[in-house]
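Read from first to last, the chains carry the letters A, B, C, D and E; within each, the first residue is number 1.
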Amino acid sequence: MQVNEYKPLIVAFCCNWCSYAGADLAGNNRLAYPADVKIIRVPCSCRVNPTFILRAFQRGADGVIICGCHPGDCHYTSGNYYTRRRMAALFSMLDFLGIEKERTRLEWVSAAEGAKFAATMNDFVQTVASLGENKRLEDLRCKK
Amino acid sequence: MQKITREQLIAKASELLSNGTVSQVLGWGKGEFDYDVTPTLFSSAEELENGFVFNDFCGANFSKYLVSKAAKADGKLLVFLKPCDTYSFNQLLTEHRFDREKVYAVGIPCEGMADISKVKAISGDGIASINADGDNLVVTTLYEDAPITIATKDVLAERCINCKSKKHVAYDELMGEEGEVLASNRFDEVARLEAMTADERFAFWQNELSRCIRCNACRDACPACTCEKCVFDNPNSGVENKSPANEFEEKLFHIIRAYHVAGRCTDCGECSRVCPQNIPLHLLNRKFIKDINEFYGEYQAGEEVDSRAPLVNYTTEDLEPGEVFDRGDNNA
Amino acid sequence: MQRVGVFVCWCGSNIAGTVDVKAVAEALKNEPGVVFSTDYQYMCSQAGQDMIINAVKEHNLTGIVVCSCSPRMHEATFRKTAAAAGLNPYMVEIANIREQCSWVHKDMALGTEKAIILGKAAVAKVNLNAPLTPGQSPVTKRALVIGGGIAGIQTALDIADAGFEVDIVEKKPTIGGKMAQLDKTFPTLDCAACILTPKMVDVAQNDKIRIFSYSEVAEVKGFVGNFDVTIKKNARYVKEDICTGCGACVEKCPMKKNPNEFNLGMDNRPAIYIPFAQAVPKVATIDPNACNMLKNGKCGVCARICTAGAIDYTQKDEYIEEKYGAIVVATGFNPISMDKFDEFAYNQSKDVITSLEFERLTNAAGPTAGHLERPSDGRSPKTIVFVQCVGSRCDACAEKGKEYCSKICCMYTAKHAMLVRDKYPETEVYVFYIDVRTPGKNFDEFYRRAVEEYGVKYVKGMVGKVVPEGDKLKVQASDLLANKQLHIDADLVVLAAAIEPDKSARPLATMLTASMDTNDFFTEAHPKLRPVESPTAGVFLSGACQGPKDIPETVSQASAAAAKVIGLLAKDKLTGNPCIAHSDELMCNGCSSCANVCPYGAITYEDKEFRMPDRTTKVRRVASVNPAVCQGCGACTVACPSGAMDLKGFANLQIMAEVDAICK
Amino acid sequence: MRKCSLEKINEIFAAIAKNAALYLPVDRTDGSAAYKKWEEGTVWSNALNTVRSPKDFFFPQTEDLMRFKTKGKTVQLEDIRTEAEAFVVFGVRACDVKSFDILDRVFLTEPADSFYANRRNHGVIVSLACTRPVETCFCKTFGIDPSAPAGDISAWKTESDIFFEANTEKGKALLHTLSELTEECDDGAVAEQKAKINAVMEKLPLKDLSTKGFGGGKTAELFDAPEWDELSSACLGCGTCTFVCPTCQCYDIKDFNTGNGVIRFRCWDSCMYSDFTKMAHGNNRLTQKERFRQRFMHKLVYYPENNDGLFSCVGCGRCLAKCPISMNIVKVMKKIGGNKGE
Amino acid sequence: MNNNKYLREELLRQSGVNPKKCMKCGKCTATCPAFDEMEYHPHQFVSMVESGDIEPLLKSESLYKCLSCFACIDRCPRGVEPAKLVEAVRLSVIRKQGGNRLSADDVPSLLDEDVPQQLLVSAFRKYSK
C-alpha cells in the first residue's frame, strides 16, 4: 500500500429503515468497503436537506451519497420519491455550476441488500478517488 | 411605448378610489429622473396626479409588496399588474401569502420594459431626459446637443426580450387587450451553458458569482422569497452568513437561494434586474425551471392558483438523479 | 453543551479485534463536552449498563455516547439504561463502530481512526440533544367500520366482542354486501346466506354495534384516537325505529317496475322495497326516483297501508357527528363494467351475463328462484361457456381492463361450472382459461373435481368473439393445446369480469388522507409486515378494498384489522414517537409546502395573531404539527424554505454538527 | 505639477506596478467598471464611476481578525496580522477621495483600527478630476469640487495628457519615481479642464440639492418626521445602498468554526438588515422604517453632529443608480430637508 | 441461431412488438377470421419469434393468408399486437431479392370485373417491395 495514497472523504446519508440496515447487514456479512465512508443516520432519505450536502463539501468531503429505500418501499410511503426529485434537481444544478457530477449520488439500498451497499460504496469511493480532491466546492478556511 | 397611458391608469385608479372599491393604490411613483420609479402607495386622485408615473421603465414587480401592504391596508388595495406580475401574484396566493379579498387587481398590458443601462450604452451617460415617442425613446443628455432617438425594442430588458407571456393569469379587471402566452427562447442561454464542458461552466459561474457582494437585493426583491425570516439571516439555521467570505459561500448562497424557489419561481427576472453587479442570477432559476419541465413535464409556477409545485410533488415513475445526466451527454 | 460520558464497547473481540477501543476512549476524552470516557468488554451487559448508571451519577452526566453495535440493535437498551440513571432516554446517541466499522474494515489503524470520527459525530450530536418526551393523546374507545359487507361485519363483530362500541356505515339499505348476493361458496359449497345471515343477525342484535345503513361518511377530521366523523344518513322516507319490516307496503306499492339492484336488474322491485328477506336492518326504503308520492305528490298508498305509521315523506338527509378512535375501511369491490368488451356481446344479448349475475340466477332467492333459466327466453341452457379473465391481467396501456389478477374468478368459475353439471348433468359446460390459479386450501382439489368428477370442459385458450345468432350465441374461441379454433353454439355465456374497488373508495381515501395505489386499492402501511393498516395512523383496512380477496381471506383480514383496532382502543392514551416535526411559528410563512409533502396529513394551518415589531398585530397563517399523527420522516423539514420546520432528534443543527465532526 | 502624454500611460502604470500593487478602474463586459489589479495589457477604463467604491481596498468586505486553534480542549490564539503590501489606487474620483476623510474619522480616531490603519499607511491614492459628471452626481452638495480632487496625488486628464500634482509625502515619493516619465509643466491646461468640468456641473439636475435642514442638532426635529413612513414604505431591506456606498463603514464581527478552530472575522454589515447590531434582547431597530431612518439620519445628522459638521455622504450617486426601488438619499433630502417642497 | 437472433431483433424493432408481454391466452387466435387458412396462427407468430424459431414462419403461406384485419391487435388484452409481427415477418421475406409475392406481371391475369381495383392495389402494396 502506498503511504501517501489519496483518501477521499465520503459522507453517506442513510435512511434508518432500509439503507442503514443494509449497511448493518454488510457488516454482519463482513463485506468490506473503504473506511473513508462515514455514515450519518437519518430517519428517511427525505430528511436530507441540500444544505447538508453542501455543508459536507464545504467541510472537506469529496463525495456525498444519499441512500434510501427503493421507490415504493419507503417506510413513510413517499419520502424517497421527494428525495428523488430534490436530488435530481440539486445534482443537475451542481453540474450546471460545473461541479463534478460524479461527486454526488443517490442510491436505493434495501435492508436486505448488504452486498449492494458494500458494492455501491466501493464503487463510489473509487469514482471519487479517481476525481481527486474536491476543489470546486471547498472552503479553504476549513483546511487550515 | 406602452399601449396603456399614465392618464388611463390614473383615471382608473381615481375612479376606484372615489367609488370606494379601493382605499389605496400601489403604483409607480415619480423619481428624480425619467427612468427611476419607486413603488408608492397613493391614497387620492391628487396624489396620483402629482406622483404617479407609467412609462417604459416601470419594470418593478409589485406582487411581493402585497404580502406586507395588503395586510396593513384599511380597505382594498389597488394594484396594477403586468402579465408577468400576475404569475407572481398567483404564486403568492397559492402560498397563502396575502389575502385575496384585500386586493383589487387590475391587469394592464405591457409592451416590454426598457433597461436603463442599455439606454446609457447607446446614448452615453449623463441622461437629462427620456421621453417615449411611438416605438422610440428620445433621450437628451448633458453632453450631446441633439436628442438621441433609440428604438425601444433595442433597449428592452433581458427578461422582456424573452417574455414568456403577455397573458394575465389573474385580475379583477383587465385594461386593454388580453395577450397570449408566448413561445419564448428563454431557455436558450441555459442550453448554451449546458452545452459547455463542466470546466467551462465552472469558470463561467466562478467569474459571475465572484462579483457577488451579498447585498441580498436578489433575495429581497424576489416575489418568491417572502420568508418571515430567511435562513441566511437566521443565526439558528446553521447556514446564516452575511458576506461571502470565499467562493464557497458565494455558491452556497446562490444555490440555496435558487433551490428554495425552485418550482415556485415564476421566472419574473427581478433577481437579475436588481443585481448591482449584473450577475445573471435568473439563469440559475431558469435552469431549475428547464430541468423541472424536462424531468416532470411542463410546469409554470403561478399559472394556476393552488397548483402543487413540482418539488413538493412526485410520481412513482420519476427519473432517477443518475438518469438526469444520461439523457444525452451534455459534455459531448 | 452537555456533560457527556463516552462508553466504548469492545463487544468481545467483535469491535476490539479491529478497533483500538482504548485509543478511541482516549481520543474522545478531548472532545467538547466530554467529561468522562471509558471502555468495557460488553457495554450491553448488566455490568456495562451499571457502569453507565454509576458514571451518570458520579460525573453528573447529561448526555451519553455509546460507541458500540448498531443503534438498531441496542439503542433501546441504552435508552432504558439512561432512564434508569435518571436521564431522559433521548439523551443517548450511539456511534455504530461494529456493523459499520470494525466488521467492514480490516485495518486496525483505519478502523480506529474511523471509530474515533464516528464517536466525535455522536458527541457533536448529543451536545445538541434535548430531552424529548413522547406526546400523549387520549383514545376515543369507539370504532367506525365503513362498509357492511362480510369484511365490515366480521371486523365489527370482533371489535364488539372485545367490548368496544362499533358503528357500521353502509351505503346500501342493508348490510351484507356482495356475499349476500352469492349462492354457494367455494370450496366447500355451503350456502352463502346460511353462513352470512346469522352473522348479520348477530350484528343487529349486538348492543355494542350500531348500523347506519343507507348512509355515507361525509367528513373526517382529527387523527388516530380522535377522529371526528360526520355521517350522512340519507333519507329513506321510512322511520327506521318504527318500521317492523312486515312488507305490506312493498306488496301494495303501485310503482312496481323498477330494476332490482339486488338482483342486478334482472327483475323488478317496487318503489318501496326491502332488498331481500334477511336484510338487516329489515326496514323498508323508498326509492325517491321511483316513488310517485315523492316525485309528484300523488299516491301515498304505503303511508295508508302502514299500520305502524312508519312512512315519512318529509324525511330529510340527516348529518350525525360522532367521535371514533379508529376507522376501518371495508368498502369492498364491484365487477367492472362490461361496456367496453364489445367482442363478448354483453350489451347485445341478455344471455351474456357476468358471474355475479350468474350467482343471482342460480340463487334460490334470485329472480328465477334458483332455476337456471336464460334471461332472454327462460329456457334452460344446454351449452354454457364460461370466459375467464375478462378485463383482468390486461396491459397497463390497454384502454379496457385492469392490470392485476382478480384472484377470485378461477375458483368461482369452477364452482359455477361444477354446480351446473351437478344440477343439470346434461348441460355442456366449457371454461376458457389462460391459467387456472388455485392457491388456497382445498382449492386445486376443488378445481380438479370440477374437471374429473363433473366433466367440465376446461379449454386452454380464450374466447375471441361472441355473436348472437338466432337464439344461439356463436362463440369463437381458441384451443391452444389442440391448436384449433373452436366454434361453439352456446345458450349462455358467463363472463368472469374483473373486480375493482368500489367507486366510493377514492373520495373516502382523500377524506382519510389514506393513500391508494393507481388502481384505487388502499395501500398498506407495509406490504408484508403491516398488511391491515393504512399508512395513516388509526385507519385500518379490511377486505377487498385493499386488493382482490376471497371470503376466507377477507374474513381473516377483517379479524386481523379488528385485532389491530382492539389493540389501539385498549390503550387509554397513545404514546407517540417523540422524534417528530415541529414548526417554529415565528418563522413559518404558512406556504403549505410542508403539508403538501406530509404523507400523513399531520400538518394543519391556523390563523394566529402575532405582535409585530411596530407594536401592531398581524394575523398570519402558520403550520402546526399534530404530534399524534406525525411519524417523523422529515420530508417537511426540507420542503420548508424558511427552516421553520425542524425534526426533533434529527434537527438541522444536529445533522450539520455530525457532518462537521465527520469532515473536520 | 507634472504631466505625461496619455500615450505613455501604460509606462506610468508599469512603473508604479514595479513597486506596489496597482489598482485602477477597468471596463467589464456588462458595461460597468470595477477596480482591478493592473498587469501588462490591462486597459484603464474611461469610466469614472465604479460599481464598488475604492473603500474596499482599505476596508474590505470580509477580513480575518484572528484565529483560535483548538486541539483537544486547549485553545491557542494565533495572531494573523501582517503588514499590508504596498498598493496604489489609481483614478479615484473627488467624491470617493473625500470618503476617506469620513472613514478616517471613524477608523483612525483612537483607539485606531489597526487593520484599517495598516492599509491606509501602505496605500497611496491617486485621484482623478472628474471628466464627465453624470445626472446622479451631487458631490457639490457636500462641498466637493470634482475638478480639484484631493488624495496623495491629484490627477487631471485632458484629451491628450495626464497631469499630476502631489499633495502628501507619500504622493511626492510616488511621483518622484515617475519623474523620468513625466515632465514639469504649468497648470494652464488643468485650469482649462477645471473650467470645462465646472461648466458641466452647472447643468446637473441635482446641482441645487442642499444640505439645508440637516447637520448636527437636528435629531429632535427630524427623527419623528412623518415622511419617514412614506420614504421607507417601499424599502426592500436589502444592503445594496450600503455596500456600494463609499462611506458606509458598519461591520459585524463573526466567528467561523472551521472544525479545527475558529476564525474571527469581520464583514460588512448593513443597517438595512433585520439582523444588524443584534443584541441579547434581539434587534434594537425592529421595523424597516427604523432601519431606513437610521441610515439617513446617520449620514445627515448623527455623523456631522460628532464630526464638526462633516456629512457622511459624498454625493457619488451610486445608491441612486443601484437601489432596486430607486429610493435614495436625494429623495430623502428633498422630502424632509430644507429643500422641502422645492 | 446467431442469424436468427439478428433477425429476431430486427423483426421486433421493425414491428415495435414486445412478445414478452404475451401471456399466452390465445385470444388473438380465437378471434382470427383467417384461422382455418393459416398454418401458423397469431399466437404462434408471437411465441415463435420470441423463441427465435423463425425459419418455418418465413416459409409459411400463413404470411399471405393473414388478412391484416387487426382483430388480434384489437382484442389482445396485453397490447402485444400480433398482426404487426406477422407484417414484419412478411416484409422480411418480401424485401429480399426476388421475394416479391406479387409482381406487376401477375396483375393482368388477376384482373376480373368482380375484383375491385382497390383490392389489387392494396394487395400489390402488401405483397411486393
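Following the convention adopted for this analysis, contacts are C-beta pairs under 8 Å (C-beta built on N, C-alpha and C of every residue); 3 or more make two chains touch, one makes a residue touch a chain.
These numbers were taken from a predicted model, which means no experiment stands behind them.
Path length between chain C and chain D in the touching-chain graph (shortest route): 1. Across B-C and A-D, the chain pair carrying more C-beta contacts is B-C. Of all chains, the one whose CA centroid is most distant from that of chain E is D.
Separation between the centroids of chain D and chain E, computed from CA atoms only, is 84 Å. Centre to centre, using the average C-alpha position, chain B and chain D are separated by 30 Å. Chain A and chain E have CA centres that are 52 Å apart. Centre-to-centre, using mean CA coordinates, chain B is 60 Å away from chain E.
Contact of a single residue of chain A with at least two other chains is seen at positions 50-51, 55, 59-60, 78, 82, 86, 141-142.
Shared interface positions of chain C, i.e. residues touching 2 or more other chains, are given as 597, 639, 652, 656, 660, 663-664. Of all residues in chain D, those touching 2 or more other chains are 256, 258-260, listed in ascending order. Chain pairs that touch one another: A-B, A-C, A-D, B-C, B-D, C-D, C-E.
Of all the residues in chain A, the ones that touch chain C in their complex are 9, 11, 16, 20-21, 23-28, 30-35, 38-44, 46-52, 55-56, 59-61, 75-79, 82, 86, 118, 142.
Looking at the complex, you find that chain C touches chain A at residues 70-73, 96, 98-101, 103-107, 110-111, 113-114, 117-118, 121, 515, 523, 525-526, 535, 579, 597, 599, 631-635, 637-639, 647, 650, 652, 655-656, 658-660, 662-664.
Contact residues on chain C toward chain E in their complex (touch as defined above): 343, 389, 391, 393-395, 397-398, 401, 432, 434, 460-465, 476-480, 483, 485.
Residue ranges on chain A touching chain B, taken from their complex, read 50-51, 54-55, 57-58, 71-72, 78, 81-82, 84-101, 104-106, 136-141. Taken together, the chain B residues at the contact with chain A in this complex read 190, 193-194, 198-206, 231, 238-239, 245-246, 248-249, 251-252, 255-256, 258-259, 262, 284, 287-288, 291-292, 295-296, 310-316, 318-322, 324-325.
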